[in-house]
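Let me begin by presenting the structure, written as structure tokens, before commenting on it.
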Amino acid sequence: MEILMIITVGVLVTVATYLLLSKSMLRVIIGVMILSHGAHLMLLSLAGLKEGSPPLLGEEAASYADPLPQALILTAIVIGFGITAFMLVLAYRTYKAHKTDNLDELRGTKDD
Amino acid sequence: MAFQILLNIALALIWMMLRGTYTFPDFVVGYIIGLLLLIVLRRFLEFEFYFKRVVAMAKLILLFLYKLVLSNIDVIKIVLSPKMDIEPGIIAVPTKLKSDWEVTLLANLISLTPGTLTMNFSEDGRTLYIHSIHVPDKDAAIKEIRDTFEKAILEVTN
Amino acid sequence: MLDIVIAIVLGLLSLSILICTGRALIGPTMSDRIVALDTIGINLIGFIAILMIVQETAAYSDVVLLIAILAFIGSVAIAKFLEGGVVLDRGDS
Amino acid sequence: MTNLVILPILIPLLIGVLLIFFKNHKSIQRVSSVLAVTAMIIASGYLLYIVYNNGIQVIELGAWPAPFGIVLVADLLAASLVFLASILALVCLFFAYQTFSAERERNYFHPFFLFLMLGVNGSFLTGDLFNLFVFFEVMLISSFILISMGAKKYQLRESFKYVVINTVSSMFFIIAVAYIYGAVGTLNMADIASRVGELEQAGVLTVIGVVFLFVFGTKSAIFPLYYWLPHSYFAPPAAIAALFGGLLTKVGVYTLLRTYTLMFNQDTAIFQILLIIGGLTMFIGVLGAVSQFDFKRILAVHIVSQVGYMIMGIGIFTPLAIAGVFFFLVHNIVVKSALFLYAGIAEKITGTSHLKEMSGLLKTHPYVGWLFFIAAISLAGIPPLSGFFGKFALIVAGFEAGHYFVIAVSLITGVLTLFSMMKIFMTSFWGEVKIPNPNFKDVKVTKLILPTLPLIFLTIALGVAAEPFIQFSLLIGEQLMNPSEYIDSVLKE
Amino acid sequence: MKTRPLQFQVVTRVVAFIILAFSVFLFFAGHNNPGGGFIGGLMTAAALVLLYLTFDVKTIKKVIPFDYAKMIAAGLTLAIVTGMGGMVLGQPFLSQYDRYITFPFFGEFHATTALPFDLGIYLVVVGFTLLVILTIAEDGS
Amino acid sequence: MSMLHFIPLAPFIVAIFIPILYKAFRHIHTGWFVLPLPILLFIYLIQYLPFGGEPLTPIMETIAWVPSLGINFTVYLDGLSLLFALLITGIGALVVLYSIYYIANKREEPLNNFYVYLLMFMGAMLGVVLSDNLIVLYVFWELTSLASALLIAYWFHKEKSRYGAQKSMLITVSGGFAMLAGFTLLYNMTGTFSVREIIASVSEISTDMLFIPAMILILLGAFTKSAQFPFHIWLPDAMEAPTPVSAYLHSATMVKAGIYLVARFTPVFGGQAEWFWIVTSFGLLTLLWGSVSAVRQKDLKGILAFSTVSQLGLIMSLLGIGSAAYQYEVIGGESIATVAILAAMLHLFNHATFKGSLFMVVGIIDHETGTRDIRKLGGLMTIMPITFTISLIGVASMAGLPPFNGFLSKEMFFTGMLSGASLDVFNVQTLGFIFPIVAWVASVFTFLYCMIMLFKTFTGKHQPEKLEKEAHEAPFGLLISPIILASLVVLFGLFPNLLAYTIVDPAMQAILPGLLQEGEQFYVNIYHWHGFNAELFMTMGVVFFGAFLYVNLKKVQETAFYLGERDPLNWFYDNGLDGLITGSTAVNNVQMTGKLRDYFTFMFAFLILSVGYMLIRTGSFAFDIQNAAMISPYIYLVVAAIIISTIALPFMNNRITAIVLVGVVGFLIALLFVILRAPDLALTQLLVETVMVVLLLLVFYHLPELKKEKFTPAFNVSNAVISIGVGLVVTITGLAVHAFSNENPMSRISDYFVENAYALAGGNNIVNVILVDFRGLDTLLEVVVLGIVALAVVVLIKYKAKEGEDV
Amino acid sequence: MSLIEVIVSIFLILGAFLSVLGSIGIIRFPDVYGRLHAATKSATLGVIFVVAGVFLYFLVVEGIVVGKLLLTILFVFLTAPVAAFMIGRSAYNVGVKMWDRSKQDDLARDLEKMNKEKPKKSDF
């Protein structure tokens, strides 16, 4: 199971990287989002995916899934959410100011 | 006002369902929460309600279920038929129903039943535009709706 | 016995999701994609509900309801967006 | 004082939040900010005093024992950096008051500023790897908005790149945390260190160490991960640029310092990589500075070069080298910020930051000129200013460890640094008087200079009276090279 | 001719209540079941977003006249002050206290400082989501 | 702190008050406030001279400065440092006096700056010669460079001044850095920065691998400072400085710091063949190049500059040859090599006197006529008789004519070269014969430029129309200093032995310690008449051929070497700087393209290479399927769906489709969270994803449709390679960590949470308990992030700064 | 296998079957409006069956009343038609063409009529 997940992470990271290398701001942002999925999944997988109940003590199970990475991922998701939101707005403002979403055209000129 | 109380009770019940415990304290907590929500959003509640037509409602539900089964069989037939031998179209259906609630109920029911799908409303909300999957005869289709759902709803509300 | 049924049902639901994914990818119009997406959401509800039986926990009931809610909001939002790009009307014009 | 360690974090947090309520009250915002930062200085100064006398201070947040809860750890390094950061914050704040429009202050500048300090101080103090990620994010998001607020075309364009690159690096931070947690099952840095110690030279740990190099290397702007820096640090006003240029990359360097002295200190291969990167960073960075003809740009690119020295010092990895890194770090925080402030003053006077459009400032504004000059030659490592001793300690340590080549590179870099600093002085301060801003005489320079004076004082004091600071740095070098003290204080063994 | 999404508007009124109730539930369920301040807050935000989707921004502003920036500040203040509670007693920042309080009629209630802390988070999340969405929406084109 | 410490610090202390005095007493020339200091210091230093014939006992005083790094402010006064200190203060006093009349007290003259720089230089230079600690020496060394640059650019509105300042600074500071490295290497070998202690441990370190590198690095410092070939190019451009500065720094003192350093280190490196050859040959080369180049100059100061270069080379070469003394026994204070050191010290002193006076004279000419161009000058002999007389004395001394002091040291220089050629160590027999030849040729050219200087200025036709001012004799104040120096030239020419045991012998003892028995002195007897020896014939030849060349000056100056106006070596400097800027711009342009894609390419390449390298190096590849949990088939389906929809993303050319697909991936990840038993995560992911889609839609309505990206095939390949590379590196490391953790199972801190969530924190949802309790700080900060973002969005959208606002 | 398991199984299979059929409809119908029919009816009913089955399972086998499942059913009933309505309406407004064999379009007729009666404001 872990191996399957780690390979999935690999695919996510690969595609994310590919998107990060593109010209369009939207694609880049999507790349960041996909990369964050990969990162979260990696954290979950490497913590060990032992068979067990969700980490709810009410379930009174013999074993529980590792709750710590879940908490960490939750924090990471929230932070990623915030940052991505900011990035979106920044892209939006940048587009409005520059009239392009093509990063190749956002290189900047010598004189500014 | 009556509806608001009813809605409040309904919210309390929903609360209990959410909690998965069905005790009186839970009901009271749910009722209080519902009350708070209603206070916050009271401006939406510009409607009235008549609680007496329960029987009519039951009839309506039965009708609906019946139609639902029929509609599904209908769709299945079309979906699985090798050739799609249908003539779709949009028809305008004026309704006698008065409140937005009734019209909405009608629209929902229409959408969930055979071959028809509410697609739009006129500005006054009293004409429904319905996409029908197979309209060989437009007037028959309109009549069908009027005789079944609209009538049943009118029975509930009047 | 129930295990087998569940396996079959999960398979069927997966198949259903897969078909819808196909439509979501083919399009051709945006509306088609939203229809497909909405349906995927609806199927997902069933899928997770069944996982509750598999993992013998009621903990996912929240997830089930949540997906129903979000699928609705999502579909409506995209539909509104399609119409004019204005997801939220300002109400002052 | 159980909670002393958290005060440098709590003060800016609480005041920053409360100031959101007072969006439109400029004087309340100003007074509160100054009070908050002053309180930070007092708290961190006292903390440093306590740490110096009583040893490493640890707070277990929520009273949960380490390594389970989050701990904040103040050792000499962390405490002194927090102290310094707070001082710098006050300087920049006063400078900002002289240069900022009311409009900017009304747009939550003060909360953002305080949150940035919260992130910086937290990054220095935390003893938990994931918590470090979180503090980083607080710091980054504050920096994102501070750098882009105003929304000029240039700002937006460069901020976008800045944000994306740093965010991607943060994602790899999570991946790196995943690796570490997967390998050793803990997040507490002291606990990681002790567990890594038990495992002895496991190759995987070294690999993870390199992943961290990518992450922290991006934050600290090493070659070839520095691309986000030069253009984006050009964007914000001087007070912000000074704070960023002085402080932010140093947080990255701090983490590298912490990481490689505490956790990944076993495999020398990493240190070789650090040496190579250090050399490349300082050289490529200074080439950037050589090629530019803009006041702020030269300073911005130059940050990279200076980071290279520090990376080299970590790569040398002896107590003296680490002491040198610390001294250099402190020096650089002081001097770099000062330089950015002078760039701001020059821009305020002339209305431009392009070197070729202004000249003769030494004639019209001799004090600005000479203060800049002191900072500039200090940056170039001319004795007896602070820039010399950090570099000197690194050279001695580097030769002792036999790293002749990289030291040679560092000396050549020193020459080029001098060249680029002289370029500014020659073309803008010397020469016939030429100032594009016709009203330059109305600019009240004294008020602008005043906040910078503490920094100039520091760079002179750190050089002329170097001994106590050097002793202190050596103490830090010893403390970092013997992490058992840190580990024992945290894990209470 | 103008058309009107009548069905949508009417159903939303009902559905919004369900969602809001659900969000409150999720918030309280947090400590023992999936949920908590963050999830509850987002759910509330989702319900509000649905209202904004259905009706126009101006109408909703009349109904829910919140200053979301202040809501965020209030949430943060609440969370921080809760965390500081223990400091008065010489405990480290963020030390928690909990106690079982028996109310007449309602029965035992588990009062814990985690609750106000979580409430702070809830407020921030709601404020965040709506402030961001509304700010962008209002900017328009 | 002793009085000796006070000597180098005193000028700095005075300098602090100069700006105040300048402001307070505008009508008084600031120089008057400065003048007493060098005089007092000079008088104070004089008393250390061994007038009674008793050998000078070195004095050493220490105060700790940065003892942790081995840096102590140790003042060491021996013959060598005393000689230099006297020059610095003595000439310093004269220069200050001269400057008072040279630079008028006018409103636009920033005299405060001038004297602050000058005092800074004086202190620094005294520091250099009085420091025993190498780092302290270095500190002062760099300060002299700094002061020099500032003085050169005193009139900084002039382009040439700035150029000269930059050039001198770059070259001398670079040399300083090299020297610092050399010092540090010595420290590495000996563990001390004290010259005394290093000399004491020479025998242990001379075989060290780093010994020769240290020597070369230190020589780099000395050569750059003392304008040795090919680093001399800064000195002519330094002539943009006001003439008092040229007289003081660029002829009498600062440029001799390199000489001082070589002399100081002779006891350390003196026994080495490398030292002998490098110092001697660079000295001779400089001597030759300087004298030959001086003939090219049309500017009087230019001639003097190259003359200085040449004379510095002369002294340097003598020190080189003299270093061979360590190979010989010294009998009766004399050996074949010591005479070279003797000559060096004597000439050092003599040069300071005659060159100082000449610079001042040139300053006077410039001051009174408005030009220094020999093509415009002429016939000044009658108009400026006193000036002419001083010039005559100076030039004659420089040309090596009797009875002036220059003649004495010139003769002794020939002696030194001849004896150098006859040494039988270091394979001197192979090339040693060149030494006297070069010396002689250089002397011929020296004679030539001396004639040019004197005759082109003072004889010939006076052309007032070419001058900016009407020429007349200088005011008396301006003449005092050159007269004093010229008198010294005459005095020491006639009575050279006044210097012998007071100045020269103590200096020699400092340069060659350990060669003498206790109580012995070097044999120093300086006299004019040596008999008809080789030296005398050489001098006669110089005069003859020099005169011959002057007669044929036109032809000489038409040779290829003289066609260019500037020293050909400047080409390397100028093009080097241009190349540096072009090159660094090129390097910069390759990387700082402004394209995010390029940045990421570099960054990811680094990631792949570094992590990949470390994976291979540590052999960490591992793949462990043993402990893997069982996988149900539907999980494969979900994973397949995730992978397919993810891979489809880059191919989406419709923004809405792309956004929707992002939502799909997010929902599927949430599903995976359900499967992996993380309900809280699933809920969060779902909610976040939905809000995110709404945000994306809100924002991207305004952004244009996605375009199919057109890259060149090469780019496509590189993008693909980098993406796959990053994916692989991340995956392989993940797998390795997984396998590692199975092999080395460690307890996880989360066990504690499972055990204590309810007991200690009263919650059943462990994840939530961790969030609000065990790791409450994370959560608090995470919402802080959200709060900041929300405010940031508001600011970003609503606040637009005006142009030029908020610097 | 107990009776309840059989009943649950029937619910589940029926639901899954309907879901698949709905999806097939989404693929097979020629235009978006037709596909909406399939989605709103079959898929919705399908999922309701599945959730009801799961509800029954927990109710009887585990003895838990998972009210949220009932709430889900209610919610889907309420919102599925609305979602379909919104999608259809927007598709029409955007101008997504109906299948070429469609006969009738009253909406287009009415829209045109109204527009003729009330000239646009901008014409004034």
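In this document, chain identifiers A, B, C, D, E, F and G correspond to the written order of the chains, with residue numbering beginning at 1 in each.
In this section, contacts are C-beta pairs under 8 Å (C-beta built on N, C-alpha and C of every residue); 3 or more make two chains touch, one makes a residue touch a chain.
Predicted model only: the values in this text are computed from it and were never measured.
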Seminar exercise, completed: Listing by label each chain that touches chain C and chain D gives A, E, F
Problem set entry | Chain pair with the higher count of C-beta pairs in contact (B-E, E-G) | B-E
Problem set entry | Farthest chain (mean CA position) relative to chain B | F
Seminar exercise, completed: Reported most central chain by Cα centroids is D
Seminar exercise, completed: Between chain C and chain G, the Cα-mean centres are separated in Å by 11
Exercise. How many angstrom lie between the CA centroids of chain B and chain F, rounded to a whole number?
Worked result: 87
Problem set entry | Approximate Å spacing (C-alpha centroids) for the pair chain D, chain E | 38
Seminar exercise, completed: Multi-chain contacts in chain C, i.e. residues touching at least two other chains, fall at 17, 30, 34, 55, 58-59, 62-63, 65-66, 69-70, 72-73, 76-77, 80, 82, 86-88
For this session: Give the residues of chain G that touch two or more other chains, as numbers and ranges in rising order.
Result: 24, 36, 44, 64, 66, 68, 71, 75, 78-82, 84-86, 88-89, 93, 110
Exercise. What residues in chain B touch two or more of the other chains?
Worked result: 14, 18-20, 107-108, 118, 120, 122, 129
Seminar exercise, completed: Per the touch rule, the chain C residues reaching chain A in their complex are 55, 57, 59
Problem set entry | Contact footprint of chain C on chain A as seen in their complex | 53-54, 56, 59
Problem set entry | chain F-facing residues of chain A, complex | 1-15, 17-28, 30, 33-34, 37-38, 40-42, 44-58, 64-75, 77-79, 81-86, 88-93, 95-96, 100-101, 103-104, 106-108
Exercise. Quick one: in the complex, what on chain E touches chain F?
Worked result: 26, 30-39, 42-43, 45-46, 49, 68-69, 72-73, 75-76, 79-80, 83, 93-94, 96, 98, 110, 112, 114, 117-118, 120-121, 124-125, 127-129, 131-133, 135-137, 139, 141
For this session: Show which residues of chain C lie in contact with chain F when the two form their complex.
Result: 7, 10-11, 14, 17-18, 21, 24-25, 27, 30, 33-34, 37, 40-41, 44, 47-48, 51, 54-55, 59-60, 62-63, 66-67, 70, 73-74, 77-78, 81-82, 85-88
